[in-house]
Structures are given as structure tokens and as C-alpha cells.
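For reference, the structure discussed in these notes is given below.
Chain IDs A, B, C, D, E and F follow the sequence of writing; residue 1 opens each chain.
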Amino acid sequence: MSPDARKTVRRSRCVMTEIILPNDTNNLGNMMGGRLLYLMDKAAAISALRHANRTCVTASVDSVEFQSPIRQGEVVVIESQVNRVFRTSMEVELNVWAEDTRAQTRRICNRAFYTFVAVDDEARPVPAPPIFPETPEEHERYEAAARRRELRLMLAGRLKLQDVEHLRDDLLELVRQRG
Amino acid sequence: MSPDARKTVRRSRCVMTEIILPNDTNNLGNMMGGRLLYLMDKAAAISALRHANRTCVTASVDSVEFQSPIRQGEVVVIESQVNRVFRTSMEVELNVWAEDTRAQTRRICNRAFYTFVAVDDEARPVPAPPIFPETPEEHERYEAAARRRELRLMLAGRLKLQDVEHLRDDLLELVRQRG
Amino acid sequence: MSPDARKTVRRSRCVMTEIILPNDTNNLGNMMGGRLLYLMDKAAAISALRHANRTCVTASVDSVEFQSPIRQGEVVVIESQVNRVFRTSMEVELNVWAEDTRAQTRRICNRAFYTFVAVDDEARPVPAPPIFPETPEEHERYEAAARRRELRLMLAGRLKLQDVEHLRDDLLELVRQRG
Amino acid sequence: MSPDARKTVRRSRCVMTEIILPNDTNNLGNMMGGRLLYLMDKAAAISALRHANRTCVTASVDSVEFQSPIRQGEVVVIESQVNRVFRTSMEVELNVWAEDTRAQTRRICNRAFYTFVAVDDEARPVPAPPIFPETPEEHERYEAAARRRELRLMLAGRLKLQDVEHLRDDLLELVRQRG
Amino acid sequence: MSPDARKTVRRSRCVMTEIILPNDTNNLGNMMGGRLLYLMDKAAAISALRHANRTCVTASVDSVEFQSPIRQGEVVVIESQVNRVFRTSMEVELNVWAEDTRAQTRRICNRAFYTFVAVDDEARPVPAPPIFPETPEEHERYEAAARRRELRLMLAGRLKLQDVEHLRDDLLELVRQRG
Amino acid sequence: MSPDARKTVRRSRCVMTEIILPNDTNNLGNMMGGRLLYLMDKAAAISALRHANRTCVTASVDSVEFQSPIRQGEVVVIESQVNRVFRTSMEVELNVWAEDTRAQTRRICNRAFYTFVAVDDEARPVPAPPIFPETPEEHERYEAAARRRELRLMLAGRLKLQDVEHLRDDLLELVRQRG
């Protein structure tokens, strides 16, 4: 973790493990979705902090699906990492698993993307350092991050279709299918 | 709130007001995004409960943008309501404001959509009762909910383009613009 | 909420909605009284803040009766508003309901009065702006607040019987009944 | 604490000591009143439990004055005891001190009275065992509890003036003064 | 608690009473060990604060055994006091009891020793005032504290056997037994 | 994580990452020792759960030294693993680091040993499965765990010197040095 080291994806990785307590759950003893979103935000913030080395704030969360209920007493594992940097913003990917330690089973629960922005002490956005993917999987996520960003901006109404660049092929494919 | 009453949107409405305490904030004294997502989930769950009158669980959250930082000591107001029911699932709309009570200013912070599913005591999905929009604004939200649901299913890979119904015009418009 | 607007009772109104979680309850799964007093204090503080636009601190709480147990999983609604201002202090009225969302029933649980004092940054009392009741009900509460204040001061030993003004008729009536 | 032992006031005594953390405080770093009412309720519940040896629930709180702000980092000491039993209900007295451990000063902050009711497993009131005051001070509190109970019932509109017994002399004195 | 008063052990004594809530417990409804260690640390910090009259930080915890499970709804009593001062550090002794208020039984759960260090506003260790044991039991604890400190330093590898002073006889006895 | 898999040390490993919030800290903004002991207990419990696949309870904690203060806003990383199983009990090793993400520095804060016991649904101890160390470092920890256990039992007064087996050489060395 020396300050001079190259800023790799690996450096930003965070693993958070929690056991689900009564107050985390609803009346059926299942973890509340909002409680999980809160833990995911803390993990994502730590990844952003580790990469940008300054305060980072949540700018947006892409849509999240809750695929599998998590029960009281189960163990939740959240893994996060910065996929790509866009000047002041960073895409952080989160993968969430739940473990039933009695049955010795582990299942994927969520895959989500949070966007964080690095800020100065007056909370104004400042550039974050570029990130260097190393493995093929990290390179793939790096590329996909650009497409997700365009989709994000289109959904938020901040990007017009004619200005789309990375998503172009996907959209042409859509049009072709529809033909 | 009599059991026999017609299930209107108004009946599902929930107002939650909170004051931001130190533990809700990051190092700059601004509310953490995940903490707000947690409060929003609780408000949305109350709207779903008030409509379906049985336990409801978070199925998904549409993408959320955090437009304005909320500071320690400020007051947060969250308003939620069920927009539309799709058999077992409900779209809940949330609008979030922050108030600086000293300056007597109030600003919009978020607009978000959570999807909840009504479940039985074994957490299996069960049909939720239909909802009746009354005002023009509620009718508009009811219509928009169907388009948002198709977008949601497409983004989740569960709906193919040729099966799209409500979004059709929007997409044809997109293709035409691009032409 | 513009700073120039007339300070009405309506501007001070706060609605807080909460769902009762396991840690809010005693061994029988009923909400602890102190936990409700805490939520009521937060709602009252928000009403005082919205009226005085500066930090406000709890000066006293009138006696509170807990009329109906609230169960885990039920929804609590707290409504608060400033009834009247007495130079630096404000009477805040709170009404608390509990909802059994399954049975679709709602019942009143409490009616309480908290007194808040507006303070400067050294926590010294400072005058709060006068409040303007608008509806007949608000005017009635405004009048009753003066009587409650005299009772409060008498019970606290800070007002002698001969100095009572608003309560005079009530007390004469008591004496006459006793005759 | 043997089950056969005589039920004295001393057996019901509870001492609770807490250090004030950031989340207990308002924007000026002073403890929120509601947070103190919550701690007082927990201490009072323990005194009631120790006397009645079954679940006890808060029935009411007499008016409480907050005489002295308590600062973050200060130590709060709450002492509680059952003063008297009235069939199913118990008056619990609480005295609260704050300590500035740096300045080595200690000051009284509150004196309050909570009423608890012993309940069975369906939350229905059941008789609590009688209590035996031992010291002169405990006997004095025992007598005063009866007067406070009448005042409580009168304020709640449940006792008419002509049925007052213990408060009679105090009221006649009031009338005489007013003459 | 006057600043001029002699610094006795009694002045440092702290009693903390808590009722065990759902979130304090594991899946079997028993209090988690770490939750108890947290409460003990708060009680010990208050004893250290009361003696040193400045911020004190936890330097170490001697080994702790959890002899008896504590159940949800039971009452925990923690008593702490400073046994002895070693220039900047203080040994704080803690005794923990659990009460089953229904069965009217009380049992010892733990005896533990925390070491605190008095610090200045930059968190640098500063001397704490000497303490004056008064009762025979306090004198005994004062003597035992020196032996425990040597054992602590030996276990931490900071004291060599030849420099041991208070433990000498115990160790010679060990060697003799082994002979 | 298949149930049939060999029970290795690696399977029991847990990584917990947390960011230090205001309520975790004392008046100087440093993390309270008891708060860290609580997080460490949760991590250790997860390691024990992952190995024994049934509820596990904290039996004891070896002495812990707090070598380096952790500041608000810093990131804490706790790594835990089961070192060895002794019929019903397991030694869990914890290593704690703190990261100053701004300065990009990471320092070791603690190394600690918690002992957990596997229990049945009536909280009675039951045998835990044996563990298989794989790497040289895991084998070394496996051996050291036996010595630490003897020391633990001696310090708890449950093992006499003449019955010591694994610690024998260390003690003879001590006697020789002293000679």
C-alpha cells in the first residue's frame, strides 16, 4: 500500500463479512433490502477511498435486484472493487453472497454498481487518479464500465442517442433484432 | 382505514421525517448514500404494507441518483406511495427532500422507484390487491409505471425487445432519431 | 418555506412514520415506552426547529400515558406541531397512532406536550418568533396552551396560586364543586 | 436475592451509568432529551422487573423537567427504585445526575416518576407484590406516592375532586391561601 | 466529588446495569461475548475517567473467561473500579453478574482486568494521580495488581524473568514444585 | 464450500472491513477498545461457524493489547481463522490492521486469540470436527495453539504445572535463564 505504487484494481478491493442480526430483518426474519444497500454502500465507499485516497461520496446506484432472501443468522459477504475511473467519478462493482453456515451452502445474492465521486474538503468534485486493470477479467469489466456509464447517462437523460459511443453496437443489434 | 375501503394510492402514502445524526454521516459531515437508501427502503416497505396488508419484501431498486448532499443536523423528508400493482409486485415511488431549517430552504434530493413483492408466511410471492389511482397525477404515474417495468425487465435481461409493449413508441422514436 | 413567510402552525407540522423493529421491544414483543418517548422527542424537535429556525432543546415533557401497546412489526405514526410560543419556549403537541397493517386498523396511542426552548450557539435561551394559528382547532390549542403552561409552572412550584390567570376559572369551579 | 426474601425497596434499586456518545447529542453537542427519557425508561423497567419478577410495561410518565444540559463525553448516572405498589401498578422514582469528570463536578439533572404495570404473557395486568419501605426516606416516598397518584388520576381526568383522599389537605390549603 | 478530595478507590467505582435486547444476542438468544466486552470497556473507561479526570484509552485487556451464558431479557450488572495506578496506566477491575429477574437468581459471569492509559489532547500518555486504597479488600487488590502487571509484561514479552520483582515468590514456588 | 469437503483452515477464514464512525470513538476521535473487541468477536464467531457448521459461543478471550490508536474515518480490517480444534473448543486467531486511506499507510493494530465452543440447540457443548492445516504457517499456528491452550488453562487455574506437556520446554528454559 505504498503511496508510490501503481493504482491497480486489486488495491481497491474490499471484503466485508457480516452476520445478520434481528434488527436487520423484517417480520419473517429475512434481511431488509435497505439494510443490505447500506452495507454495500459502506463497502463501495471503502473501495473508492482506497483508490482515490480522499473522501468519496455516493453519486448514484444502478438498479439492484434482490435475487435471494437472506435469513437472520446467515453470513453475508460483500466484495467490492473499482472497475474504472471517469475523471472525478469511479464505477464500483459489488458482488454479494449469503452463506448458510449450517448447510455449508453459499449463493450469489446481488451484483450491483455504485458510482462514487472524489471530493475536496468543501465537497467539490476533484479528479481521481486513473486505474490500471491487470487480469483479463479486470480488463473486461473496465470495458463494460464504459457501456454501463453511457446507459446510466441515457437513463438519467444526460446523454442523447446520437452521442452514444460504446453502446452503439449493442443498440444496432437491438434494432436489427427488431427489424 | 377500514378493511372494506377501496384500495387507493392515497391509502398507501407514507411520510417519514428524520434528523441527520453524526453516525449517519461521512468524514465531511454529509449523509452517506447507503444510509438514505436504508431509510427509503423502510418508507417504501410501509407503503407496500399499507397497500397489500401482508409482509412485503424488496425485490429491486431502480437506479438512484444523489443530486444534493445532505448535511448533519438537516432534516430529511421521504414521501412514498404505491404507483401500480403487477400481480404480486408493486412499484413504490419515493421522493426525498432535505431541509436546512436555519436557512428555511428545502430542496429535492432524490426520486426513486423500489419494487416490492407481497409474500406469505413462507416468503412465497402472493398476489397483491389492485390499486386505484384517483388524481390525474396518480393516473400518469400508473401509466409510466408500466413503461418503467418493461425497461426494468429489459435491463435485467428478462424481456426481449420484440415482446416490449408499453415502451414500443419510445424505442421506435429512439431508432428514428438515430436513423 | 420561504424565510419571509408568516410563521404559521402548519409550517411547523412534522409527520414521522416508523416500523417497530425487534430492538424497540420488550420480552413480549411490545414497544418499550422509552423508545417511543425518544421518537416523539425527535419529531417535536423537528417542529420546534421548523418554527424557530435555530437549535432548540427539550425543556420539559408533560405527563404521558401509554394507552395501547404497540407490537413489533406495527407501524407508528407521530404527528407534531408547535401550539404556542412563550418568548423563548414553545409548546409542541404530539399525537401518536399505531397501525396494524394486516388488520387494516389504526388506533390513537398517545397525546403529549413537549416544551422546547430556542437557544444560541452557547446554548443560552433566545426569543423564538411568534406563531400564527389559522384554523379554529389551532386557535383552540393556542388558548389551551396558556392554561397548560400555568398548570406546568404550578406543578413545578414556579407559579403561586394567586398569580394564576388563565387557569382561574377552572380552579374556582373546582372549589365550588367541593363546597 | 432469594425468592423468599421480603420485598424491600432496596431490592428494586437500579444504578445505570452511561457515557454520552456523539449520536446521543444534538447539533450543539448536548444530549437530546428523548435519549435521556429512553435510558430512564430502561432503568425504571429494571427496577419494576426486580420487584415484580415478571414482565412490566410503562403505563405513564409524570412530567419531567430538563434542568441542566448534559454534554457529549460527560457521564450520566441514573438511579431508580420502586416507591410504592398500587395493586397492578408501581411508581418508580428516578434521579439523574451528570458528571463532568474533568472538572470533577456532579450535578442533579432530573427527578422523575414512571408508572409501570406488571403483566402476564398475554400482556394483561396482574397484581404486583406489595413493597416494604424500610428507611425514613423510603417511608416518606411511600406516602408521597399516594398523593402523586391522586394528582396523576385527576390530571388524567380519572378521579373527581370529591373522591380525592390523600391530596385533600394540600387542596384545602390552596383554597385557604387563595381566600 | 470535590477536586480537592483524596483520590480513593471508592471514587472510581462505576455500576452499569443493562437489559439484554435482541440485537445483543446470537441465534440461540444468548448474549454475544463481544457485546459484553464492549459494555465492560465502557464501564472501565468511566472508572478510569473518574480517577484520572482526563481522557483515558484502553491499553490492554487481560484474558477473560465467559463462565455462564446470559439470555435475552436478563439483566446484566457490571461493577468496575481502579485497583492501582502505574504512572500513566491504571488497572481497572470488572465484575459482571447476570440476573434472571423472574427466578430471582443472580450469578457471577466474569471477572476481568482492563488497563487504561491517561492521555493528553494529542493522545500522548501522561501521568495519572496515585490512588489510595482504604479497605482491606482494596489493599489486597492493590498488591495483586502489581503481580498481575508483571505477568502481563512477561506475557507481552516486555519483561525478562530476571527483572521480575512481585511475582518472584510465585515463580520460585513453581520451580520448587517442579523440582 | 461443499459439505463433503475436507475441513481446512482456509475454509474458516473471514475478512471483515469497517470504516470507523463517530459513535465508535471516544472524545479524542479514537476508536474505543471495546468497540474493536466487539467487531473481533463477530469475525471470530463467523470463522467458528464456518468450521463447526453449528452455533458457536465465545468461551474466552486471551489478553489483547491495543498497540496503535485507530482514528475516526480510518478503515479497520480484521482477519480471522480457526487455528486448532480441541474436542468442543476452537482457537480462533485474529489479526487487525488499520488503514489511513489518505496517507495510503497500513499498520498492524492487534493480534488476538478467542476461544469458541460449538453448542447444540440447548447451548450444551458438542464436539467440533477436526481441522486440517495445510501451509507451513498453518501448521506452525496449529502447534503453537496447543502451547497457548496450556498457558490459558494454567492462568485460569485449571492445569497444574506437573501436568503441562507442550509448554514444558519453554518453562525449563525460563528456569535455566533464572539459574
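Methods note: a contact is a pair of C-beta atoms (placed from the backbone, for glycine too) under 8 Å apart; a residue touches a chain by one contact, two chains touch by 3 or more.
Since the structure is predicted, the reported quantities are computational estimates derived from the model, not experimental observations.
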| item | value |
| --- | --- |
| Joint neighbours of chain E and chain D, given as chain labels | C, F |
| Chain separated most widely from chain F, comparing mean CA positions | C |
| Option reproducing the contacts of C-D, where over half of them reappear, out of A-B, D-F or D-E | A-B |
| Whole-Å gap separating chain E and chain F, where each centre is the average of the chain's CA atoms | 21 |
| Rounded Å distance between chain B and chain C, as computed from the means of their C-alpha atoms | 31 |
| Inter-chain centre distance, chain A versus chain C - centres from mean C-alpha coordinates, in Å | 44 |
| Centroid spacing, where centroids are CA-atom means, of chain B and chain E in whole angstrom | 51 |
| Sites on chain F at which at least two other chains make contact | 22-23, 26-27, 42, 45 |
| Chain-to-chain touches, reported pairwise for every pair that qualifies | A-B, A-C, A-E, A-F, B-C, B-D, B-F, C-D, C-E, D-E, D-F, E-F |
| Footprint of chain A on chain F - complex, ascending | 1-3, 14-19, 42-43, 45-46, 49-50, 53-54, 75, 99, 101-106 |
| Footprint of chain C on chain D - complex, ascending | 26-28, 30, 32-35, 37-42, 45, 55, 57-66, 69, 114, 119, 121, 123, 152, 155-156, 161-162, 171, 174-175, 177-178 |
| Chain E contact footprint on chain C (complex, rising order) | 22-23, 25-27 |
| Residues of chain B defined as touching chain D within the complex | 21-23, 72-73 |
